[in-house]
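Heads up, the next two complexes both have subunit A, just with different partners, subunit B and then subunit C.
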Partner chain A sequence: MVRSATSLTGNGVRDWLWQRVSAVILALYTVFILGFIWSTPQLDYVVWFQFFHHIGVKLFSILAAFSLLVHAWVGMWTILTDYVKPACVRLTLEMLVMIALFVYFVAAIVIVWSV
Partner chain B sequence: MNKPRPVYLDLSKIRMPVMAVVSILHRISGVVLFLAIPYILYIWNQSLATASTYDEIHNALQSCWTRGLVYLILLALLYHWVAGIRHLLMDMGVGEEKISGRRGARIVLVVVVLLAMGLGVWLW
Partner chain C sequence: MSEAMQSVKFKIYRFNPEVDAKPYMQEYELNIPANQDMMLLEAILRIKAMDDSLAFRRSCREGVCGSDGMNINGRNGLACVTLLSSLKQPIELRPLPGLPVIRDLIVDMTAFFKQYEKIKPYLINNEPLPTKERLQSPAERKKLDGLYECILCACCSTSCPSFWWNPDKFVGPAGLLQAYRFIADSRDTATAERLEALTDPFSVFRCRGVMNCVEVCPKGLNPTRAIGHIRSELLAEGN
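Entry: the complex of A and B
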(Lines of atoms letter the chains of each structure in order from A and count residues from 1; the text may use other names and numbers.)
(Lines give C-alpha, C1' and ligand atoms only; values in the text may rest on other atoms or scores of the structure.)
Protein backbone atom coordinates (compact mmCIF):
# COMPACT_ATOMS: atom_id res chain seq x y z
CA MET A 1 0.00 0.00 0.00
CA VAL A 2 1.32 3.38 -0.97
CA ARG A 3 1.17 5.81 1.91
CA SER A 4 1.43 9.52 1.35
CA ALA A 5 3.52 11.44 3.84
CA THR A 6 1.51 14.64 3.44
CA SER A 7 -2.12 13.56 3.13
CA LEU A 8 -4.19 14.04 6.28
CA THR A 9 -4.08 10.44 7.49
CA GLY A 10 -1.79 8.81 4.93
CA ASN A 11 -4.71 6.57 3.94
CA GLY A 12 -7.18 7.33 1.16
CA VAL A 13 -10.22 5.73 2.78
CA ARG A 14 -9.53 7.44 6.09
CA ASP A 15 -9.01 10.80 4.33
CA TRP A 16 -12.29 10.26 2.51
CA LEU A 17 -14.14 9.60 5.77
CA TRP A 18 -12.62 12.64 7.54
CA GLN A 19 -13.54 14.80 4.56
CA ARG A 20 -17.16 13.60 4.66
CA VAL A 21 -17.62 13.93 8.43
CA SER A 22 -16.06 17.41 8.45
CA ALA A 23 -18.24 18.34 5.44
CA VAL A 24 -21.42 17.46 7.32
CA ILE A 25 -20.34 19.50 10.37
CA LEU A 26 -19.41 22.50 8.19
CA ALA A 27 -22.67 22.24 6.22
CA LEU A 28 -24.68 22.29 9.46
CA TYR A 29 -22.63 25.17 10.91
CA THR A 30 -23.13 27.20 7.70
CA VAL A 31 -26.91 26.77 7.92
CA PHE A 32 -26.77 27.59 11.64
CA ILE A 33 -24.82 30.87 11.26
CA LEU A 34 -26.44 32.12 8.03
CA GLY A 35 -29.84 31.09 9.43
CA PHE A 36 -29.21 33.13 12.57
CA ILE A 37 -28.16 36.22 10.60
CA TRP A 38 -31.06 35.82 8.19
CA SER A 39 -33.71 35.26 10.86
CA THR A 40 -32.60 38.08 13.20
CA PRO A 41 -34.51 41.22 12.22
CA GLN A 42 -32.51 43.76 14.25
CA LEU A 43 -28.95 42.48 14.27
CA ASP A 44 -26.64 44.71 16.33
CA TYR A 45 -23.43 44.29 18.30
CA VAL A 46 -25.12 43.17 21.55
CA VAL A 47 -27.24 40.50 19.84
CA TRP A 48 -24.23 39.31 17.79
CA PHE A 49 -21.93 39.24 20.84
CA GLN A 50 -24.43 37.40 23.05
CA PHE A 51 -25.01 34.82 20.32
CA PHE A 52 -21.31 33.90 20.25
CA HIS A 53 -21.12 34.22 24.03
CA HIS A 54 -23.35 31.16 24.40
CA ILE A 55 -21.31 28.08 25.32
CA GLY A 56 -23.12 25.90 22.77
CA VAL A 57 -22.29 28.31 19.94
CA LYS A 58 -18.68 28.49 21.16
CA LEU A 59 -18.31 24.71 21.12
CA PHE A 60 -20.01 24.44 17.72
CA SER A 61 -17.69 27.18 16.39
CA ILE A 62 -14.55 25.39 17.61
CA LEU A 63 -15.86 22.10 16.21
CA ALA A 64 -16.47 23.85 12.87
CA ALA A 65 -13.00 25.45 12.95
CA PHE A 66 -11.45 22.02 13.53
CA SER A 67 -13.57 20.58 10.71
CA LEU A 68 -12.38 23.38 8.43
CA LEU A 69 -8.75 22.52 9.27
CA VAL A 70 -9.39 18.88 8.32
CA HIS A 71 -11.65 19.55 5.33
CA ALA A 72 -9.49 22.23 3.72
CA TRP A 73 -6.39 20.10 4.26
CA VAL A 74 -7.86 17.08 2.43
CA GLY A 75 -9.27 19.31 -0.33
CA MET A 76 -6.12 21.38 -0.90
CA TRP A 77 -3.97 18.24 -0.72
CA THR A 78 -6.12 16.63 -3.44
CA ILE A 79 -5.93 19.68 -5.68
CA LEU A 80 -2.17 20.15 -5.20
CA THR A 81 -1.59 16.44 -5.86
CA ASP A 82 -3.59 16.68 -9.10
CA TYR A 83 -2.23 19.90 -10.54
CA VAL A 84 1.26 20.55 -9.13
CA LYS A 85 3.63 17.92 -10.47
CA PRO A 86 7.16 19.02 -9.42
CA ALA A 87 7.59 17.42 -5.98
CA CYS A 88 9.55 20.26 -4.38
CA VAL A 89 6.99 22.88 -5.42
CA ARG A 90 4.10 20.68 -4.32
CA LEU A 91 5.64 19.87 -0.94
CA THR A 92 6.41 23.55 -0.32
CA LEU A 93 2.82 24.54 -1.15
CA GLU A 94 1.46 21.70 1.00
CA MET A 95 3.53 22.86 3.95
CA LEU A 96 2.38 26.47 3.47
CA VAL A 97 -1.27 25.34 3.32
CA MET A 98 -0.80 23.19 6.42
CA ILE A 99 0.85 26.02 8.38
CA ALA A 100 -1.80 28.53 7.25
CA LEU A 101 -4.65 26.21 8.23
CA PHE A 102 -3.11 25.57 11.64
CA VAL A 103 -2.71 29.32 12.25
CA TYR A 104 -6.34 29.92 11.15
CA PHE A 105 -7.50 27.21 13.55
CA VAL A 106 -5.62 28.78 16.47
CA ALA A 107 -6.95 32.23 15.46
CA ALA A 108 -10.51 30.87 15.51
CA ILE A 109 -10.00 29.49 19.04
CA VAL A 110 -8.56 32.84 20.19
CA ILE A 111 -11.56 34.71 18.71
CA VAL A 112 -14.08 32.35 20.32
CA TRP A 113 -12.18 32.52 23.61
CA SER A 114 -12.25 36.34 23.68
CA VAL A 115 -16.05 36.60 23.45
CA MET B 1 -1.67 0.96 -24.42
CA ASN B 2 1.04 1.59 -26.98
CA LYS B 3 -1.23 2.33 -29.91
CA PRO B 4 -0.19 5.52 -31.69
CA ARG B 5 -3.47 7.25 -30.92
CA PRO B 6 -3.65 11.02 -31.12
CA VAL B 7 -3.40 12.75 -27.77
CA TYR B 8 -5.75 15.68 -27.90
CA LEU B 9 -6.24 17.51 -24.67
CA ASP B 10 -6.99 21.07 -25.74
CA LEU B 11 -9.43 21.94 -22.96
CA SER B 12 -10.87 24.82 -24.94
CA LYS B 13 -11.88 22.40 -27.72
CA ILE B 14 -13.29 19.67 -25.48
CA ARG B 15 -16.95 20.08 -24.64
CA MET B 16 -17.11 19.12 -20.99
CA PRO B 17 -20.20 17.24 -19.77
CA VAL B 18 -22.23 19.09 -17.15
CA MET B 19 -20.94 16.76 -14.41
CA ALA B 20 -17.37 17.85 -15.21
CA VAL B 21 -18.40 21.51 -15.07
CA VAL B 22 -20.04 21.02 -11.67
CA SER B 23 -16.97 19.13 -10.46
CA ILE B 24 -14.38 21.73 -11.51
CA LEU B 25 -16.53 24.54 -10.08
CA HIS B 26 -16.63 22.60 -6.81
CA ARG B 27 -12.83 22.63 -6.76
CA ILE B 28 -12.59 26.29 -7.76
CA SER B 29 -15.13 27.35 -5.13
CA GLY B 30 -13.17 25.34 -2.57
CA VAL B 31 -9.92 27.14 -3.39
CA VAL B 32 -11.76 30.50 -3.30
CA LEU B 33 -13.07 29.64 0.17
CA PHE B 34 -9.61 28.56 1.32
CA LEU B 35 -8.17 31.89 0.16
CA ALA B 36 -11.05 33.73 1.86
CA ILE B 37 -10.45 32.18 5.32
CA PRO B 38 -8.18 34.99 6.63
CA TYR B 39 -10.65 37.64 5.45
CA ILE B 40 -13.58 35.80 7.08
CA LEU B 41 -11.59 35.44 10.31
CA TYR B 42 -10.77 39.17 10.17
CA ILE B 43 -14.45 40.14 9.77
CA TRP B 44 -15.45 37.67 12.49
CA ASN B 45 -12.84 39.03 14.91
CA GLN B 46 -13.64 42.70 14.22
CA SER B 47 -17.39 42.13 14.48
CA LEU B 48 -16.98 40.64 17.96
CA ALA B 49 -14.06 42.67 19.42
CA THR B 50 -15.83 45.92 20.39
CA ALA B 51 -18.98 47.81 19.46
CA SER B 52 -16.91 50.33 17.47
CA THR B 53 -15.09 47.69 15.42
CA TYR B 54 -18.51 46.09 14.80
CA ASP B 55 -19.71 49.43 13.44
CA GLU B 56 -16.59 49.70 11.26
CA ILE B 57 -17.40 46.34 9.67
CA HIS B 58 -21.05 47.33 9.36
CA ASN B 59 -20.08 50.57 7.61
CA ALA B 60 -17.53 48.82 5.37
CA LEU B 61 -20.30 46.48 4.22
CA GLN B 62 -22.25 49.46 2.90
CA SER B 63 -19.62 50.04 0.22
CA CYS B 64 -20.19 48.42 -3.15
CA TRP B 65 -16.75 46.75 -3.31
CA THR B 66 -16.86 45.13 0.11
CA ARG B 67 -20.42 43.95 -0.42
CA GLY B 68 -19.47 42.55 -3.82
CA LEU B 69 -16.53 40.69 -2.28
CA VAL B 70 -18.71 39.28 0.49
CA TYR B 71 -21.29 38.30 -2.14
CA LEU B 72 -18.63 36.38 -4.12
CA ILE B 73 -17.42 34.57 -0.99
CA LEU B 74 -20.99 33.65 0.01
CA LEU B 75 -21.66 32.54 -3.56
CA ALA B 76 -18.61 30.24 -3.43
CA LEU B 77 -19.87 28.95 -0.07
CA LEU B 78 -23.39 28.29 -1.40
CA TYR B 79 -22.02 26.57 -4.48
CA HIS B 80 -19.61 24.42 -2.48
CA TRP B 81 -22.44 23.58 -0.07
CA VAL B 82 -24.93 22.48 -2.77
CA ALA B 83 -22.35 20.55 -4.82
CA GLY B 84 -21.11 18.97 -1.58
CA ILE B 85 -24.61 17.75 -0.70
CA ARG B 86 -24.72 16.12 -4.16
CA HIS B 87 -21.44 14.37 -3.33
CA LEU B 88 -22.81 13.07 -0.03
CA LEU B 89 -25.95 11.81 -1.81
CA MET B 90 -23.81 10.05 -4.40
CA ASP B 91 -21.84 8.41 -1.57
CA MET B 92 -25.18 6.98 -0.45
CA GLY B 93 -25.81 5.71 -3.96
CA VAL B 94 -28.21 8.45 -5.06
CA GLY B 95 -27.66 9.95 -8.50
CA GLU B 96 -24.39 8.25 -9.36
CA GLU B 97 -25.44 6.67 -12.68
CA LYS B 98 -24.83 8.39 -15.98
CA ILE B 99 -28.38 9.70 -16.49
CA SER B 100 -29.13 10.50 -12.84
CA GLY B 101 -25.63 11.97 -12.40
CA ARG B 102 -26.29 14.38 -15.25
CA ARG B 103 -29.67 15.27 -13.80
CA GLY B 104 -28.10 15.83 -10.36
CA ALA B 105 -25.45 18.11 -11.84
CA ARG B 106 -28.13 20.15 -13.63
CA ILE B 107 -30.14 20.41 -10.40
CA VAL B 108 -27.03 21.74 -8.62
CA LEU B 109 -26.58 24.47 -11.23
CA VAL B 110 -30.28 25.47 -11.17
CA VAL B 111 -30.42 25.53 -7.35
CA VAL B 112 -27.24 27.62 -7.15
CA VAL B 113 -28.53 30.14 -9.72
CA LEU B 114 -31.75 30.50 -7.71
CA LEU B 115 -29.81 30.84 -4.43
CA ALA B 116 -27.43 33.36 -6.04
CA MET B 117 -30.42 35.51 -7.03
CA GLY B 118 -31.95 35.15 -3.57
CA LEU B 119 -28.62 36.09 -2.00
CA GLY B 120 -28.42 39.17 -4.23
CA VAL B 121 -31.92 40.25 -3.20
CA TRP B 122 -30.99 39.71 0.46
CA LEU B 123 -27.77 41.75 0.28
CA TRP B 124 -29.10 44.65 -1.85
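Entry: the complex of A and C
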Protein backbone atom coordinates (compact mmCIF):
# COMPACT_ATOMS: atom_id res chain seq x y z
CA MET A 1 0.00 0.00 0.00
CA VAL A 2 1.45 3.34 -1.09
CA ARG A 3 0.21 6.27 0.97
CA SER A 4 -0.63 9.53 -0.73
CA ALA A 5 -1.74 12.70 1.01
CA THR A 6 -2.37 14.87 -2.02
CA SER A 7 -4.51 12.68 -4.29
CA LEU A 8 -8.20 13.58 -4.51
CA THR A 9 -9.45 10.99 -2.01
CA GLY A 10 -6.24 9.15 -1.04
CA ASN A 11 -7.84 5.99 -2.44
CA GLY A 12 -7.15 4.71 -5.94
CA VAL A 13 -10.60 3.21 -6.53
CA ARG A 14 -12.43 6.38 -5.46
CA ASP A 15 -10.09 8.69 -7.45
CA TRP A 16 -10.61 6.46 -10.49
CA LEU A 17 -14.37 6.45 -10.05
CA TRP A 18 -14.54 10.24 -9.56
CA GLN A 19 -12.51 10.75 -12.73
CA ARG A 20 -14.81 8.52 -14.75
CA VAL A 21 -18.08 9.89 -13.36
CA SER A 22 -16.89 13.47 -13.96
CA ALA A 23 -15.91 12.50 -17.52
CA VAL A 24 -19.43 11.20 -18.18
CA ILE A 25 -20.96 14.43 -16.82
CA LEU A 26 -18.62 16.54 -18.97
CA ALA A 27 -19.47 14.45 -22.04
CA LEU A 28 -23.21 14.89 -21.39
CA TYR A 29 -22.76 18.64 -20.88
CA THR A 30 -20.80 18.90 -24.14
CA VAL A 31 -23.56 17.05 -26.03
CA PHE A 32 -26.17 19.26 -24.32
CA ILE A 33 -24.46 22.54 -25.31
CA LEU A 34 -23.65 21.37 -28.84
CA GLY A 35 -27.23 20.13 -29.21
CA PHE A 36 -28.52 23.55 -28.18
CA ILE A 37 -26.22 25.35 -30.63
CA TRP A 38 -27.11 22.93 -33.42
CA SER A 39 -30.88 23.13 -32.83
CA THR A 40 -31.04 26.92 -32.54
CA PRO A 41 -31.34 28.63 -35.94
CA GLN A 42 -30.18 32.07 -34.81
CA LEU A 43 -27.90 32.49 -31.84
CA ASP A 44 -27.88 35.99 -30.43
CA TYR A 45 -27.47 37.60 -27.03
CA VAL A 46 -31.16 37.24 -26.10
CA VAL A 47 -31.24 33.52 -26.95
CA TRP A 48 -28.02 32.86 -24.97
CA PHE A 49 -29.35 34.92 -22.06
CA GLN A 50 -32.66 33.05 -21.96
CA PHE A 51 -30.88 29.71 -22.25
CA PHE A 52 -28.53 30.36 -19.32
CA HIS A 53 -31.26 32.08 -17.35
CA HIS A 54 -33.00 28.74 -16.92
CA ILE A 55 -32.29 27.30 -13.45
CA GLY A 56 -31.71 23.79 -14.89
CA VAL A 57 -29.01 25.07 -17.26
CA LYS A 58 -27.40 27.01 -14.42
CA LEU A 59 -27.25 23.95 -12.18
CA PHE A 60 -26.03 21.71 -15.00
CA SER A 61 -23.33 24.28 -15.87
CA ILE A 62 -22.17 24.44 -12.25
CA LEU A 63 -22.17 20.64 -12.06
CA ALA A 64 -20.07 20.57 -15.25
CA ALA A 65 -17.65 23.13 -13.75
CA PHE A 66 -17.38 21.00 -10.60
CA SER A 67 -16.76 17.91 -12.74
CA LEU A 68 -14.01 19.79 -14.57
CA LEU A 69 -12.45 20.70 -11.21
CA VAL A 70 -12.44 17.04 -10.08
CA HIS A 71 -11.40 15.61 -13.45
CA ALA A 72 -8.58 18.08 -13.96
CA TRP A 73 -7.27 17.61 -10.41
CA VAL A 74 -7.04 13.80 -10.74
CA GLY A 75 -5.39 14.17 -14.14
CA MET A 76 -2.95 16.93 -13.15
CA TRP A 77 -2.06 15.13 -9.92
CA THR A 78 -1.27 12.00 -11.93
CA ILE A 79 0.89 13.92 -14.40
CA LEU A 80 2.75 15.79 -11.66
CA THR A 81 3.43 12.65 -9.60
CA ASP A 82 4.67 10.94 -12.77
CA TYR A 83 7.03 13.59 -14.03
CA VAL A 84 7.99 15.94 -11.18
CA LYS A 85 10.13 14.03 -8.71
CA PRO A 86 11.52 16.70 -6.29
CA ALA A 87 8.82 16.89 -3.60
CA CYS A 88 9.09 20.66 -2.97
CA VAL A 89 8.71 21.50 -6.69
CA ARG A 90 5.83 19.03 -7.08
CA LEU A 91 3.96 20.31 -4.02
CA THR A 92 4.38 23.91 -5.22
CA LEU A 93 3.01 23.00 -8.67
CA GLU A 94 0.19 20.99 -7.09
CA MET A 95 -0.73 23.99 -4.98
CA LEU A 96 -0.73 26.30 -8.02
CA VAL A 97 -2.96 23.87 -9.95
CA MET A 98 -5.28 23.57 -6.94
CA ILE A 99 -5.58 27.36 -6.61
CA ALA A 100 -6.13 27.82 -10.36
CA LEU A 101 -8.83 25.13 -10.49
CA PHE A 102 -10.57 26.55 -7.43
CA VAL A 103 -10.51 30.08 -8.89
CA TYR A 104 -11.92 28.77 -12.19
CA PHE A 105 -14.70 26.99 -10.31
CA VAL A 106 -15.65 30.04 -8.25
CA ALA A 107 -15.48 32.24 -11.37
CA ALA A 108 -17.75 29.79 -13.21
CA ILE A 109 -20.34 29.93 -10.42
CA VAL A 110 -20.21 33.74 -10.31
CA ILE A 111 -20.59 34.03 -14.11
CA VAL A 112 -23.37 31.44 -14.46
CA TRP A 113 -25.31 32.73 -11.44
CA SER A 114 -25.13 36.35 -12.61
CA VAL A 115 -27.12 35.60 -15.79
CA MET B 1 32.90 -25.37 -53.22
CA SER B 2 32.82 -22.94 -50.31
CA GLU B 3 29.49 -22.32 -48.57
CA ALA B 4 27.69 -19.02 -49.40
CA MET B 5 27.77 -16.69 -46.41
CA GLN B 6 25.65 -13.75 -45.28
CA SER B 7 26.73 -10.99 -42.96
CA VAL B 8 24.49 -9.77 -40.18
CA LYS B 9 25.11 -6.34 -38.71
CA PHE B 10 24.60 -5.50 -35.04
CA LYS B 11 24.76 -2.38 -32.91
CA ILE B 12 25.01 -3.30 -29.26
CA TYR B 13 24.77 -1.07 -26.20
CA ARG B 14 28.01 -1.22 -24.25
CA PHE B 15 28.67 0.15 -20.80
CA ASN B 16 31.12 -1.02 -18.22
CA PRO B 17 30.90 1.43 -15.29
CA GLU B 18 34.41 0.48 -14.16
CA VAL B 19 35.95 1.60 -17.46
CA ASP B 20 33.49 3.71 -19.46
CA ALA B 21 32.54 7.29 -18.62
CA LYS B 22 29.29 6.85 -20.54
CA PRO B 23 27.49 4.21 -22.60
CA TYR B 24 28.15 3.80 -26.32
CA MET B 25 26.91 1.62 -29.19
CA GLN B 26 29.40 -0.89 -30.58
CA GLU B 27 29.06 -2.31 -34.07
CA TYR B 28 29.59 -5.99 -34.81
CA GLU B 29 29.36 -8.03 -37.98
CA LEU B 30 28.63 -11.73 -37.89
CA ASN B 31 29.07 -14.08 -40.83
CA ILE B 32 26.67 -17.00 -40.96
CA PRO B 33 25.79 -19.46 -43.74
CA ALA B 34 23.35 -17.85 -46.20
CA ASN B 35 20.80 -20.64 -45.93
CA GLN B 36 20.85 -20.72 -42.13
CA ASP B 37 18.58 -18.97 -39.67
CA MET B 38 19.01 -18.95 -35.92
CA MET B 39 17.67 -17.41 -32.78
CA LEU B 40 19.09 -14.03 -31.76
CA LEU B 41 20.60 -15.55 -28.61
CA GLU B 42 22.73 -17.93 -30.69
CA ALA B 43 24.00 -14.94 -32.69
CA ILE B 44 24.86 -13.04 -29.48
CA LEU B 45 26.71 -16.11 -28.19
CA ARG B 46 28.77 -16.13 -31.41
CA ILE B 47 29.49 -12.41 -30.95
CA LYS B 48 30.64 -13.17 -27.42
CA ALA B 49 32.98 -15.79 -28.84
CA MET B 50 34.58 -12.94 -30.83
CA ASP B 51 34.47 -10.38 -28.00
CA ASP B 52 34.26 -11.95 -24.57
CA SER B 53 33.90 -8.55 -22.85
CA LEU B 54 30.23 -8.43 -23.92
CA ALA B 55 27.97 -9.13 -20.92
CA PHE B 56 24.40 -10.46 -21.03
CA ARG B 57 22.21 -12.94 -19.14
CA ARG B 58 20.92 -16.20 -20.55
CA SER B 59 20.12 -19.65 -19.29
CA CYS B 60 17.54 -22.04 -20.72
CA ARG B 61 17.68 -20.75 -24.34
CA GLU B 62 14.05 -21.79 -24.94
CA GLY B 63 11.85 -19.00 -23.57
CA VAL B 64 11.24 -20.54 -20.16
CA CYS B 65 13.70 -18.95 -17.73
CA GLY B 66 13.16 -15.32 -18.77
CA SER B 67 16.84 -14.39 -18.35
CA ASP B 68 17.62 -12.92 -21.76
CA GLY B 69 15.01 -10.17 -21.89
CA MET B 70 16.43 -7.21 -23.80
CA ASN B 71 15.41 -4.34 -26.04
CA ILE B 72 15.65 -5.64 -29.61
CA ASN B 73 15.28 -2.99 -32.34
CA GLY B 74 13.33 -0.83 -29.89
CA ARG B 75 10.99 -3.57 -28.68
CA ASN B 76 11.44 -5.69 -25.56
CA GLY B 77 11.69 -9.42 -26.11
CA LEU B 78 13.56 -12.63 -25.37
CA ALA B 79 16.65 -13.15 -27.53
CA CYS B 80 16.24 -16.94 -27.37
CA VAL B 81 12.83 -16.99 -29.05
CA THR B 82 13.44 -14.20 -31.58
CA LEU B 83 14.43 -15.36 -35.06
CA LEU B 84 17.36 -13.49 -36.55
CA SER B 85 15.62 -13.40 -39.95
CA SER B 86 12.66 -11.51 -38.43
CA LEU B 87 14.85 -8.53 -37.52
CA LYS B 88 15.78 -5.47 -39.54
CA GLN B 89 19.50 -4.73 -39.79
CA PRO B 90 21.54 -3.36 -38.16
CA ILE B 91 20.02 -5.17 -35.20
CA GLU B 92 20.10 -2.77 -32.25
CA LEU B 93 20.34 -4.40 -28.86
CA ARG B 94 19.92 -2.42 -25.68
CA PRO B 95 19.29 -3.34 -22.04
CA LEU B 96 15.67 -3.43 -20.82
CA PRO B 97 14.64 0.23 -20.42
CA GLY B 98 13.86 1.90 -17.12
CA LEU B 99 16.12 -0.18 -14.87
CA PRO B 100 19.70 0.70 -13.82
CA VAL B 101 22.33 -0.87 -16.06
CA ILE B 102 24.90 -3.04 -14.28
CA ARG B 103 26.91 -3.74 -17.41
CA ASP B 104 26.13 -3.90 -21.16
CA LEU B 105 22.79 -5.75 -21.53
CA ILE B 106 22.52 -6.65 -17.83
CA VAL B 107 20.12 -4.59 -15.73
CA ASP B 108 19.54 -4.41 -11.98
CA MET B 109 16.12 -6.05 -11.50
CA THR B 110 15.81 -5.20 -7.76
CA ALA B 111 12.96 -2.71 -8.29
CA PHE B 112 11.10 -5.25 -10.43
CA PHE B 113 11.37 -8.07 -7.89
CA LYS B 114 10.54 -5.75 -4.97
CA GLN B 115 7.19 -5.07 -6.62
CA TYR B 116 6.74 -8.80 -7.25
CA GLU B 117 7.39 -9.56 -3.54
CA LYS B 118 4.87 -6.88 -2.56
CA ILE B 119 1.92 -8.81 -4.02
CA LYS B 120 2.77 -11.93 -1.94
CA PRO B 121 3.21 -14.31 -4.85
CA TYR B 122 2.30 -17.47 -2.99
CA LEU B 123 -0.88 -19.26 -1.99
CA ILE B 124 -2.29 -18.11 1.36
CA ASN B 125 -4.66 -20.54 3.02
CA ASN B 126 -4.79 -20.83 6.79
CA GLU B 127 -7.49 -23.46 6.84
CA PRO B 128 -6.45 -26.93 8.12
CA LEU B 129 -4.55 -28.94 5.55
CA PRO B 130 -6.66 -31.54 3.78
CA THR B 131 -5.44 -35.15 3.90
CA LYS B 132 -4.51 -35.19 0.22
CA GLU B 133 -4.72 -31.91 -1.67
CA ARG B 134 -6.81 -28.75 -2.11
CA LEU B 135 -9.13 -29.62 -4.94
CA GLN B 136 -10.24 -27.27 -7.71
CA SER B 137 -13.00 -27.79 -10.24
CA PRO B 138 -11.91 -27.63 -13.90
CA ALA B 139 -13.74 -24.27 -14.16
CA GLU B 140 -11.85 -22.86 -11.15
CA ARG B 141 -8.55 -24.10 -12.54
CA LYS B 142 -9.35 -22.57 -15.95
CA LYS B 143 -9.44 -19.11 -14.37
CA LEU B 144 -5.66 -19.35 -13.87
CA ASP B 145 -4.96 -19.88 -17.56
CA GLY B 146 -3.21 -16.86 -19.04
CA LEU B 147 -1.92 -15.92 -15.58
CA TYR B 148 0.32 -18.68 -14.24
CA GLU B 149 2.45 -18.86 -17.40
CA CYS B 150 4.38 -15.65 -16.61
CA ILE B 151 8.15 -16.26 -16.50
CA LEU B 152 9.06 -12.90 -14.91
CA CYS B 153 11.32 -11.82 -17.76
CA ALA B 154 10.33 -8.18 -17.06
CA CYS B 155 9.78 -7.40 -20.77
CA CYS B 156 6.32 -6.04 -19.91
CA SER B 157 7.09 -3.94 -16.84
CA THR B 158 10.16 -2.37 -18.46
CA SER B 159 8.14 -1.36 -21.52
CA CYS B 160 5.51 0.35 -19.33
CA PRO B 161 5.84 4.16 -19.03
CA SER B 162 4.02 4.10 -15.68
CA PHE B 163 6.63 1.67 -14.35
CA TRP B 164 9.45 3.85 -15.72
CA TRP B 165 8.14 6.89 -13.81
CA ASN B 166 7.17 5.09 -10.59
CA PRO B 167 9.10 1.81 -10.24
CA ASP B 168 8.96 2.21 -6.47
CA LYS B 169 5.17 2.72 -6.27
CA PHE B 170 3.46 1.13 -9.27
CA VAL B 171 3.46 -2.68 -9.06
CA GLY B 172 3.77 -2.96 -12.83
CA PRO B 173 2.12 -5.37 -15.29
CA ALA B 174 4.15 -8.47 -14.32
CA GLY B 175 3.42 -8.05 -10.61
CA LEU B 176 -0.25 -7.27 -11.22
CA LEU B 177 -0.70 -10.29 -13.49
CA GLN B 178 0.62 -12.41 -10.61
CA ALA B 179 -1.49 -10.50 -8.08
CA TYR B 180 -4.59 -11.46 -10.06
CA ARG B 181 -3.31 -15.04 -10.44
CA PHE B 182 -3.68 -15.40 -6.63
CA ILE B 183 -6.83 -13.26 -6.34
CA ALA B 184 -8.48 -15.56 -8.89
CA ASP B 185 -7.25 -18.75 -7.23
CA SER B 186 -10.18 -20.56 -5.54
CA ARG B 187 -7.78 -22.12 -3.01
CA ASP B 188 -6.48 -18.76 -1.76
CA THR B 189 -8.32 -17.33 1.26
CA ALA B 190 -6.60 -13.93 1.43
CA THR B 191 -8.50 -12.30 -1.46
CA ALA B 192 -9.86 -9.42 0.67
CA GLU B 193 -6.41 -8.64 2.13
CA ARG B 194 -4.81 -8.84 -1.31
CA LEU B 195 -7.36 -6.39 -2.74
CA GLU B 196 -7.08 -4.08 0.27
CA ALA B 197 -3.31 -3.82 -0.30
CA LEU B 198 -3.95 -2.58 -3.86
CA THR B 199 -6.47 0.19 -3.19
CA ASP B 200 -4.02 3.09 -3.12
CA PRO B 201 -3.73 5.49 -6.10
CA PHE B 202 -0.39 3.99 -7.31
CA SER B 203 -0.19 0.18 -7.01
CA VAL B 204 -2.85 -0.65 -9.62
CA PHE B 205 -4.37 2.65 -10.67
CA ARG B 206 -1.18 4.08 -12.15
CA CYS B 207 -1.89 1.79 -15.11
CA ARG B 208 -3.14 4.09 -17.86
CA GLY B 209 -3.99 1.29 -20.29
CA VAL B 210 -1.07 1.93 -22.63
CA MET B 211 -0.96 -1.84 -23.32
CA ASN B 212 2.76 -1.97 -24.15
CA CYS B 213 2.81 -4.97 -21.80
CA VAL B 214 0.39 -6.91 -24.00
CA GLU B 215 2.32 -5.88 -27.10
CA VAL B 216 5.68 -7.25 -25.91
CA CYS B 217 4.87 -10.27 -23.70
CA PRO B 218 6.88 -13.17 -25.18
CA LYS B 219 4.37 -15.63 -23.69
CA GLY B 220 1.38 -13.88 -25.29
CA LEU B 221 -0.19 -12.98 -21.93
CA ASN B 222 -2.48 -10.02 -21.28
CA PRO B 223 -1.60 -8.09 -18.10
CA THR B 224 -3.96 -5.23 -19.03
CA ARG B 225 -6.92 -7.63 -18.88
CA ALA B 226 -5.76 -8.91 -15.47
CA ILE B 227 -5.48 -5.30 -14.24
CA GLY B 228 -9.03 -4.70 -15.49
CA HIS B 229 -10.21 -7.72 -13.50
CA ILE B 230 -8.47 -6.40 -10.36
CA ARG B 231 -10.19 -3.01 -10.85
CA SER B 232 -13.57 -4.72 -11.23
CA GLU B 233 -12.97 -6.77 -8.08
CA LEU B 234 -11.93 -3.64 -6.17
CA LEU B 235 -15.12 -1.90 -7.28
CA ALA B 236 -17.25 -4.95 -6.42
CA GLU B 237 -15.62 -5.18 -2.98
CA GLY B 238 -16.42 -1.47 -2.47
CA ASN B 239 -12.87 -0.57 -1.43
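Convention: the second predicted complex is superposed on the first by the 115 of 115 C-alpha atoms of A that agree within 3 Å, B and C clash if a C-alpha of one lies under 4 Å from a C-alpha of the other, contacts with A are read in each partner's own complex, and residues count from 1 in each chain.
Keep in mind that, in the parts below, contacts are C-beta pairs under 8 Å (C-beta built on N, C-alpha and C of every residue); 3 or more make two chains touch, one makes a residue touch a chain.
None of these values were measured; they are calculated from a predicted model.
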First, second, both or neither for A:Y104, with subunit B first and subunit C second: first
Partner chain(s) touched by A:I62 [first = subunit B, second = subunit C, both, neither]: neither
Partner with the higher number of touched subunit A residues, subunit C or subunit B: B
Touching partner for A:N11 - first (subunit B), second (subunit C), both, neither: second
First (subunit B), second (subunit C), both or neither touched by A:A72: first
Which superposed partner A:F49 touches (first subunit B, second subunit C, both, neither): first
Which of subunit B and subunit C A:L93 touches, first, second, both or neither: neither
Which of subunit B and subunit C A:R20 touches, first, second, both or neither: first
Partner chain(s) touched by A:T81 [first = subunit B, second = subunit C, both, neither]: second
Partner subunit A, residues of subunit C touching it in the complex: 162, 165-166, 169, 196-206, 208, 231, 234-235, 239
Touching residues (chain side subunit A, partner subunit B) in the complex: 20, 23-24, 27, 30, 38, 44-45, 48-49, 52, 68, 72, 75-76, 79, 97, 100-101, 104, 107-108, 111, 114-115
Contact footprint of subunit A on subunit B as seen in their complex: 27, 30-31, 33-34, 37-38, 41, 44-45, 47-49, 51, 54-55, 77, 81, 84-85, 87-88, 91, 122
For the subunit A and subunit C complex, residues of the former touching the latter: 1-4, 7, 10-13, 15-17, 78, 81-83
